[in-house]
């Protein structure tokens, strides 16, 4: 099997090397890829959209439909993970459950938890397979997380002028919550972002993008045409496009944050969303 | 004017709203889905009428003109596909209401949303005029498909993961091929590419690009050596997912191949090796699919292997390289979708009553579920190729096309596979007709399941009788004049 | 030989993408562990992204962000790297992480059912439950 | 960027790719896969694709590794090859 795989892969490689014959050499300015449509983007996009970062302009405006579908892909992934691994809520969760009595420090073990004891009362849930928290790690992370989130917002808002935008901002925002889950425990994360909230946020994010597109239809222009945004906000066309880009990037960031948090919660708790990494 | 994009938007909106509904008022999720599918179907029909009246419809997304922006281009063939896809999704959704609500319980909202997304993805693939946008849509369709097929017990997650690996590799090869084309021409728009390719010299790299794109699409459509995922994925998942995905995925991928051949590469000289390899693989697919279908005890897996053979029919027709065979392949895309839909819907209904779909478990079905079995018989007859049904006409075009080009092995494959289908289906009919049902059998036919099934089965006859019209109005105008 | 060398040096990024792609494809076919297969898929996808980004490169050009927004002069397209492949690859990266998420979810389900991640052991268990 | 460093990064990418699929421990492989993504990001930075590099650094090297870790943590780190 392995030898056959090696032969097949080498054959494919040889085929690809042969087919490179007519490629322009690396970095060639005269290659068709650099001349044909991308030339227009470089020369005209600032005029059209008032966005110095060409990549953001092309991503969210000229090829805005691609980006909407890309957001939909992330949304789909979250739903897909939910459909595949989420355990039904009314089934008893398998595994061991530990509860610590707050005043005495005694730990109680239960084999199944169908009706969970009141967690706010005298008993406190303890994870079964994760070491107790370290004060240094917990405190440091608690201090860093707000700054990470602030940075994520900066990345989102500054996507017009520097590398960044909705995707990167959203991923960094999600990463701050992953850090929270790792440094504290999954329950802390679930208390902050409930399952219901993350799902609603994910759907709301795509709806923001979709709604920006619908503004175009409502104003008689095409779907995703940001001229309508300029019309509604009463600004020049190019500034309207710049605003439209900001709207859709915000939607993207919401969906990406929510979707990645959903996926992380499900994967790290094996679908139970009770305890995890 | 906005009809083109309005076929797609209700589905996306439906998916988002179904998710919102699922976490606020979960009873609303199913009606939202039904309304979205119905709206989308309505716009698709309207679009088909306007395309028939006024010719190809183009829609500039974001108002940017091609080749800079993304466009949707819908001609008669794609408008027909859009109607077919939305109709089959709508019927599946209506017929399997009980499954969607019971089987998925509290996840039914997520299921409805994924259902909408996969239909939207497939419709987008048909409508788009941009190669990269096509890739993204393939991923939307596929990713939701993996989830739908992977939900289930036992082996379905493994089958779905297998599909995911193979499908992602196929999509990546397609992406690589698009990169080659972009490198050589600098464009991603289909019409623009066709213009540039026709004017540029024939080079090795261009052949490489065509080869890589077609390889990727063959992998995605489960052509013979890459078909391993299909029987597992369709044979083991829930009947709803199988009924939704089986008429869509392979057919839509064949559509993409046709679209690329007639809209992007008509002026390009495709190396002779590619059609030869394609027809060989297609013939092999027909034989392998038929032989493997014989060996299955589970009737759903048997149908899945017949699908493998059907992919061979269509790919063969596309690459034989004459007008008749191409017409046959395009007609068979329609025919196969309808037949597969009928068969899988009927089997889904039966499986709900009888559980396991082994041959021995199907005794006496004609007595207990007469309407479902009548529809099944129509679907099976069409699959075999009995005259007034749709399947006969496309097969006839394929056969005469193969004869005209002297592809005798492929012809033999078509005939053998039809004979195999005869044996397979009559084996089933025999058990279902002559054997008495078991003591404990209590089959119920509910009108809400039988009505959509009956409509689809009748459509098989109607479409068969009007297949001349379909060829004239939908297909003939699309095939480039250079193909004789 | 001379010819070959010039081709190698002018296109070494393209060679690297082919090598990576072969590694990824080999891992997908030959490795039995499901997570290893997914890593192979990841390598395969990033190899294609490397190829796209290499298409966009331009000798002597800078990153695709406009330097001076107030200048009235016409922007010269030779000064900035081609942004389009970057846009396409942003999409592809996001798609790849979405695929990875779904795949890992499926892997967890498979582990729940069969208790192992090795393909041959799973097939063995299916045959002799 | 100096071409020697670029070449070094490229070689590191390939070494990491080979190592990731050959290490006989899934957690280790996941970490090496993260390094692979990060070296790839450096590679793109050298080519001037800042947005792609940023995305790969956050998605490929960041979240993907976290997801892979979560999945391996909840299944098994054992692998035969």
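Order of writing sets the labels: A, B, C and D. Residues in every chain begin at 1.
Criterion: a residue touches a chain if its C-beta (ideal position, glycine included) is under 8 Å from a C-beta of that chain, and two chains touch if they have at least 3 such contacts.
This is a predicted model, so every value here is computed, not measured.
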Higher-contact pair (C-beta pairs counted), A-B versus A-D: A-B
Whole-Å gap separating chain A and chain B, where each centre is the average of the chain's CA atoms: 31
Chain B-chain D separation of Cα centroids, rounded to whole Å: 37
Averaged-CA centre spacing for the pair chain C and chain A, given as whole angstrom: 19
Shared interface positions of chain D, touching two or more other chains: 50-51, 55, 59, 63, 67, 70-71, 74
Multi-chain contact residues (two or more partners), chain C: 12-13, 19, 25-26, 38, 54-57, 61, 63-65, 84-86, 90-91, 94-95, 97-99, 101-102, 104-109
Chain B, residues touching no fewer than two other chains: 132, 136, 139, 143, 146-147, 150, 157, 182-183
Chains grouped in pairs wherever the two touch, ordered by label: A-B, A-C, A-D, B-C, C-D
Residue ranges of chain A touching chain D (in the complex, touch as defined): 53, 55-56, 163-165, 167-168, 171-172, 174-175, 178, 260, 263-264, 267-270, 276-277
In the complex with chain C, residue positions of chain B that touch it: 132, 136, 139, 143, 146-147, 150, 153-155, 157-158, 160-161, 164-165, 168-169, 172, 175-176, 179, 182-183
Chain B-touching residues of chain A, taken from the complex the two chains share: 15-16, 18-24, 31-38, 40-41, 61-66, 69-70, 72-73, 75-77, 79-84, 86, 88-89, 196, 199-200, 202-204, 206-207, 210, 214, 216-217, 221-227
Of all residues in chain B, those that touch chain A in their complex: 2, 5, 9, 12-13, 15-17, 19-20, 22-24, 59-64, 67-70, 104-107, 110-111, 113-114, 117, 124, 132-133, 136-137, 139-140, 143-144, 146-148, 150-151, 157, 180, 182-188, 196, 203-209, 211-212
Chain D - residues contacting chain A, complex: 50-51, 53-55, 58-59, 62-63, 66-67, 69-71, 73-74
